[in-house]
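In this document, chain identifiers A, B, C, D, E and F correspond to the written order of the chains, with residue numbering beginning at 1 in each.
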């Protein structure tokens, strides 16, 4: 895997540029004794989707720095389809926030939110050291609303860490 | 997994209704000694994407009946992102054709078609017997073009089988 | 798997009773393009360890309800050993908090905290409905200190959810 | 993995030399909600068997170039044994055709053809560039019959591609 | 999976009837930090091959009862092909011995014995209780030699257990 | 993975230093058609636990040299927890013996020995050549008893190999 870091394109990108849609089928290997997907399996998909999203924005490998509080709202069953969507909501110098939404879809087509998670990723060079990322370009009212909520979550996080 | 077959909604659906986008990251476990994804691993993702697409149209479990000729145009490397999109192009009484496109995306953002495949899926009941599916509603010129090309592939397939 | 729910032993248990130690080796299949373990892979192990811990306390299957904020402090490399320890810190009527600590251990024996996470699990019957769990018996000063910190986290969580 | 390309033995080899027999047990992780093996899982085994067969003929790594039409004739169930056999049927300068037959075997010993597939593999050097392979030595009438059918499939493929 | 136990065919079968050939490719997910296959991974393949062999003789599910001493003679590398062959060498009333040989095959075609193992399997009904198996029919001198060596190993095992 | 071999700490270590506790949950992907864990899957966990234990003593990568006779005493079911503990019992110049005990734990808390195994591991450098390991420091009567039994098993092994 070649990472042309020197020549990385650092122009600002909109959240739409890096948006990720991931669809998975819940198989026996993902489930516990009740036939529902493990929480950790779901977070594992969430992390991959968020990491692809962050990497697409940064055009370099990004690693997970943190996850905010995560609430599992609904069990996801063997045979359900999982729809995961990730979007960059905030960028700093070397890190960014990615919002991931997970919907479960049953065979009859019903779709319900099972989870929403916010993860922070850091862009790293091949030695694992943080490196700069392009800024986020906010083009629509929705982009701006997402970004402003992300700013609030970030303030809360810094406050929590100070505690 | 309960399949409310008796009460399945059989109204016609457009190809957009069941369209599937799947995004995967190529990890060491997917690659051969050259660091590129196995052909069979890629077909495995293609089959899952196509199966979700077929199941979304049929609102019941669908199983793979056949794959048309598949050509691997480009190697996909460890660290690449794979974008897979599936769409129903044709429906019969119990079977349908799904077109799957696979694009490889490198870390610098370049995206290239690596594969296009056409699969036939059959909708089955819980005993594995074929059961009827809703018709396909063609709403746009693109839908109609896709469907007409699918008709031609189907004719060719029947001809090949007769050979 | 038979779950003798009717006859479940509901006597109070100390945190030591259900304490879990899990040791894993980081293999190629757990790592990203930099050769470090995915955040989601680590959370997946954390979730299994916490679920075993919760199930050991409750003597019934428990499912993930939530994870608190999780910060990844150190990268974990291919070939490192991961030491995970889980302990029940708080119990309610049907739910409990599990603290999970993850240490990375390098081949030269150095061991460092890579992660600390707090998860809430709910004990469920075979239909997935919450069911009562035994109370937690606090025997030592450390048990009591852990429990009192867990009470504070719980208050914060309820406050966050109200926001 | 060392590939002594410079000194590769390029003498002609019979199809018997590289023939591959692969036996697999269908486990829960290979199956869908009906308890039957996924089409993509079966193709994944077919691809590995064909790749081993091609590599055994070429004495170098070979990668999948294409699969011909594949028809799934019978469902393969959880607990069934899968018998896969691969044989090189045709060789060109850098590519070859491999025929793969998949039989399902039930616990009572009944064995039935579930699939026959034809794949084209290309022999590559460590940079992924096509490199020459040894010729195929046809020793028996069966070898010659297989080869002549392969020539016909190849003509059809070239014709299809021209379309 | 239906197991027609009542009507199981209990006529004597030769070792050739149940002989198993399994071929696997060593992938990154099978290897340790040195790029060689884990001992446990190899034993896992040996166990599946032996279980298929035992099940083929018994025409019912068989479970592992024991493994004799196992010596790993050669490292097996990432990219090597593994050839596993299993054969029933001895049968009792409900149990049997299976000999498994593992050869590593390098890309240049060299093939060397990496492991020989002897496992005992017990045939069980759907409740996991031992059930009778068909006798072994010894047709050739090689069958008889294998069987007589198996008798000696069995005597040694009984003696070891008595110790 | 960096292995500071030149500066490896070779001071004697007690068996407690390298003791390993591994806890696993039996999932569908680990089980056969009867819903019990495969023998090979269990040995695979045993091998990883033993390898971590050996590596922790040696402070370098260790590879499996042999397993003694292994008897599976109890089936382990889907949903059971597996408790594995490994301890170094004997050291030579470059090899050591590791004892691994496997207990199955059912949801009601009952814990029973399912397996005891003795494995020999060899410490290797990055080229796979055997390299010296630190001596074992026997501090307690239990350490000495374990070591003396290991000496007897070693004598028996050498005798068996001579046969």
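By definition in this document, contacts are C-beta pairs under 8 Å (C-beta built on N, C-alpha and C of every residue); 3 or more make two chains touch, one makes a residue touch a chain.
Everything quoted here is computed from the prediction, not taken from an experiment.
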- Message: If I average the CA coordinates per chain, which chain comes out farthest from chain B?
- Response: F
- Task: Please flag the chain sitting at the greatest distance from chain A, going by CA centroids.
- Result: E
- Query: When the Cα trace of chain B is superposed on that of chain E, what is the rotation angle, expressed as a multiple of 5 degrees?
  - Reply: 120
- Consider the two chain pairs D-E and B-C; indicate the one with the greater count of contacting C-beta pairs. D-E
- Query: When the centre of a chain is set as the mean of its C-alpha atoms, what distance in Å lies between chain D and chain F?
  - Reply: 39
- Task: Give, as an integer number of Å, the spacing between the C-alpha centres of chain C and chain A.
- Result: 23
- Task: Spell out, as numbers or ranges, the residues of chain D touching 2 or more other chains.
- Result: 1, 25, 28-29, 32-33, 48, 51, 61, 78-79
- Task: If two chains touch, include that pair; go through all of them.
- Result: A-B, A-C, A-D, A-F, B-C, B-D, B-E, C-E, C-F, D-E, D-F, E-F
- Message: Residue numbers of chain F touching chain D in their complex, please.
- Response: 28-29, 31-33
- Message: Can you tell me which positions in chain E touch chain F when the two form their complex?
- Response: 1, 32-34, 36, 38-41, 43-48, 51, 61, 63-72, 75, 119, 124, 126, 128, 157, 160
- Task: Could you pull out which chain F residues touch chain C in their complex?
- Result: 1-4, 8-9, 20-25, 35, 48-49, 51-52, 55-56, 59-61, 77-81, 105, 107-109
- Write out the stretch or stretches of chain C touching chain E in their complex. 27-29, 78-79
